[in-house]
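Chain naming follows the written order as A, B and C, and within any one chain the residues start at number 1.
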Amino acid sequence: MSIQEFMQHLVNGTSLGSLYALIAIGYTMVYGILRLINFAHGDIFMLGVYITYYGITYTPIPWWLVFILSAVITGIFGLVLEKLAYKPLRSAPRITIMISAIGASFLLQNLGVLIFGGRPKAFPIPDVLSKTLVVGGVSVAIVSVVIPIITILLLMGLTFIIQKTKTGMAMRALSKDYEAASLMGIDINRVISFTFFIGSFLAAVGGILWGTKYPQLMPLMGVMPGLKCFIAAVIGGIGNITGAVIGGFILGLGEIMLIAFLPTLTGYRDAFSFILLIVILLIKPTGLMGEKMTEKV
Amino acid sequence: MKRILDRNQTRQLILTLAALAGLLILNLTLDSYKIRIVNLCLIYIILGLSMNLINGFTGLFSLGHAGFMAIGAYTVALLTIPPEMKEMNFYMKPILPALLNLNMPFIFALLMGGIMAAIFGFLIGAPVLKLTDDYLAIATLGFSEIIRVVIINMQTITNGALGLKGIPQHTNDTIAGLFGVAPKTNLLWAGVAAILTIYIMIRLMEGSYGKAFKAIREDEIAARSMGINLFKHKVMSFTIGSFLAGVGGGLLAVSLGTIDPTLFKFALTFNILLIVVLGGMGNIRGTVIAAIVVTIAMEGLRFLDAAMNLGFMTTPALPGLRMVVFSLILMFVIIFKKDNILLTTYMKVRARYAKNQ
Amino acid sequence: MKKTLVLMLSVVMALSLLAGCGGGGAPAESDVIKIGVFEPMTGANAAGGEMTVEGIQLANEKMPEILGKKVELVIVDNKSDKVEAANAANKLIEQDKVVAIIGSYGSSLSMAAGDIVKTAQVPAVGCSPTNPLVTLNNDFYFRVCFIDPFQGTVMANYAFNELGAKTAAIIQDVQQDYSVGLSKYFVDAFTELTGDPNSIVATVSYNTGDQDFSAQLTSVKGLNPDVIFAPGNYGESALLIKQARDLGMDTPILGGDTWEAPEFLSIGGAAVEGAVFSTHFTSEAPVTEVSEVFLADYQAKYGKAANAFAALGYDAYMVILDAIERAGSADSVAIQQALAATEGFVGATGNITLDENGDAVKSAVINKVEGGKFVYLTTVEP
């Protein structure tokens, strides 16, 4: 394999990895506070993309504004989902709330099929984002550059919120010790709503960027990315945002390198993520950057 | 004179025979579309109970059911499809020579299906069962997907994405001949398997193992301090559950006559999860009822997908409405905690009629 | 324990009651002929199913009666799922009492119903499934389209003769028997044409639903083939081609009949310009007079140009009606025998003669994407 080819693979992998990272952040934030795997996260991602599609195609609003608006709308949607499907079950055993998450995910998927139709739609990519640069024999799509930059910017912004603001402190407190934090007078509902909003907002941004790179929209498009991004979050250490980003990159690069170096194993591409997950769960279940949690009786 | 069986057991025996007789009657009177549905109901009873054993009774949130069903299904298929049919199936890449002539009678193939699934259950369960709820769920889901991907890629063993066609069906020729009716799919295979499964579940749960499972579900740490070997029991529950899932998968394969990897996606696990949730986690009777109701409803609700004539207006055809309704039902049941809604409804009805006697 | 069994028993009894009043349904009205249609209206193959049904419905409007009786279509969605396909076929036969079935888009879905129609002795006509196994060994399954061994050869010939290609790379969807099968036939034909078994420089795979093909494409790019054959669903193929162009690959990319869908153009955008594929039909070069009428009717009803699948759906319906007429009866077995004898039937997609397997020996059309539209290139005779 030539250096050029390798660099190309590297670029591809980084691009894919940053998309995974963006979506993984949402998963990890929700899990950190609620200990809930939000199976519906992937479908919220799907929703964000579709809202953007309808926004650009059917309204005269300029595309960059549609991007922002649909991310906000999706954020609100995630908030509403939490109120309807997860809040009533906060005191229920974990299995129940997880089943609710799976049910919500399926409901969203099927609603997607019903409302958006089973046929794929083409994402309207703004012209400025569809160009490709060639740098030293390696093709770099503009999107491939934009995506990692936005991911890192958002990560920085999020870290700021979490470390330096009161709400962020409340989030950290809740994820450390749920009961103690609630006893300290923190408005749990507000913090959880905020968490879901941010998580869903990020999922929508991830979705929009995903759409610019892979412009095929299907109601079920969120399933595999959703699962893989959860795996990314676990690999990096669930509950840890930087870990989620790292996990995303590991997964993205790993997938691409697997196919690059072992092309006969291409069919196992999806299995790769799961195998990686199981290996991590068996060796270091708290993930690369996670902390050990003791279970109190 | 000492009775051979006590009262309880006599009752059980009579009821079992009655149920079998009932199935025989159905087999002879219904058309093949309805028989297919009944067959599916019986298979889902087995599958629902097998998942309930792991998830409901032992409290292990496993989402890997589709994977074990796949193993069972492919094992049965490979062991029962006649060699000429196999050659036709494997037209892209020839089958592994050792498998070509491997054939055995259905009953053994079915048992092998269960055993293969159980072996995998054991191998997967051993490392994975010490993880906590959420991680266990994702890990088992992961294994289910890995199994599916492996099946797609092992062209010489499973025929990959092409799937296997021509799985021999089993019709009730002899009995139909006696009554002069056209032979249909034999319900007795699934029927007997379902009855045996119910029986196994009941005996298991009444015994000491069952109590251990329930203890683990309620509070693992307390159970461990009571001296229950968590690991051994979890693995046992998981393995038995996988065995039954494999049997269910094998029966499904025969019922369909053709299988391919897309059959065993997560949606299949979701269907069974729906049954378990509706019937009540850890509730045998509930699962049986739920399995029957859900299977019939899946077919019965087809009308939601087509245009509906409501007398005063006609709604346009809305494909996909059926699944939306299903998901909504699951959500309602889960959120409003009526997780044995079918059972409580049934009991209310019974109670009401009991008073009238 | 006993309660469970009581329960099972009562349910079983209840079902048999159901059987009593539900079984058989309404007595078959003798003045309506029902034809069942099972196609994917939702799921991965929804687009193909929808297009096919549009054609069938157009045909039904065109010829709503035969033998003096009204023809009614019973349309069932098989959700692009095999279990549902089997159930759908069963329902059509048992509940709706159809005399013939049209369906399905997607060879694996058709195969799921294969044994059912065979046992029930109800003939089925597939519009577009191209895998040979659909009709092999099944006297009751027919199709109005060509099969993959032919299609693969067509594209291999095009690559070798028209493009002068000496080497090729295959990119296949390993989860679709259509893609794997068609690739194999292309490879067989191509290696025979070049006489060089190593002319296939690479065979890479992807999974249905994959969106990222950059790794596979980068590997192929390094091997520099003269042509790439990538038969797969239109969605994945469009993305694939787009990513290939983004990587700076200008290798010609060829495909099969699944590319004929408007989404291929909308998702692929400028990248799919120049893509060439084989298909059954083109609106630009009407093959028969029936084609011209069909094209005009389709345009009038749906306001857009007809596609191959609608045309095949149209033909499937017409072929069945023709068989009913020749048989002089609406009895399933009689229809099947008449279908088997179909010869030189003039349809919208060409002359249809069904061979001993029930396959149509037809010419293939090669289309190209030019100016954001499907443009006719040439016809290839079998």
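Some points to look at:
Here, a residue touches a chain if its C-beta (ideal position, glycine included) is under 8 Å from a C-beta of that chain, and two chains touch if they have at least 3 such contacts.
Note that the structure is predicted; figures quoted are calculated from it, not measured.
In terms of C-beta pairs in contact, the better-connected of the chain pairs A-C and B-C is B-C. Comparing the centres of all chains, each the average of its CA atoms, the largest separation from chain C belongs to A.
Per-chain Cα centroids separate chain B from chain C by 33 Å.
Chain centres here are Cα means. That of chain A falls 36 Å from that of chain C.
Residues of chain B in contact with two or more other chains: 152-153, 319-320.
Within chain C, residues 41-42, 46, 174, 207 each touch two or more of the remaining chains. The set of chain A residues that touch two or more partner chains comprises 113, 118, 267, 270. Chain B contributes residues 8, 11-12, 15-16, 18-19, 22-23, 25-26, 29-34, 36, 38, 88, 91-92, 152-153, 160-163, 165-166, 169, 195, 198-199, 202, 256-263, 284-285, 288-289, 292, 299, 302, 305-306, 317, 319-320, 346 to its touches with chain C in the complex.
Taken in their complex, chain C has these residues touching chain B: 1-9, 11-13, 15-16, 18-20, 22-24, 41-42, 46, 75-77, 79, 81-83, 86-87, 90-91, 93-95, 108, 111-112, 114-115, 119-120, 132-133, 136-137, 174-177, 180-181, 184, 207. Put simply, chain A touches chain C in their complex at residues 1-2, 5, 8-9, 12, 16, 113, 117-123, 125, 130, 132, 134, 139, 141, 210, 214-216, 218, 220-221, 224, 255-260, 263, 266-267, 269-270.
Within the complex, the chain A residues that touch chain B are 31, 35-37, 84-85, 88-89, 92, 94-96, 98-100, 102-104, 106-107, 110-111, 113-114, 118, 223, 227, 230-231, 234, 267-268, 270-271, 273-275, 277-278, 281-282, 285, 295, 297. On the chain B side of its complex with chain A, the touching residues are 55, 59, 61, 127-128, 131-135, 137-139, 141-143, 145-146, 149-150, 152-153, 221, 266-267, 270, 273, 277, 281, 318-321, 323-324, 326-328, 330-331, 334-337, 339.
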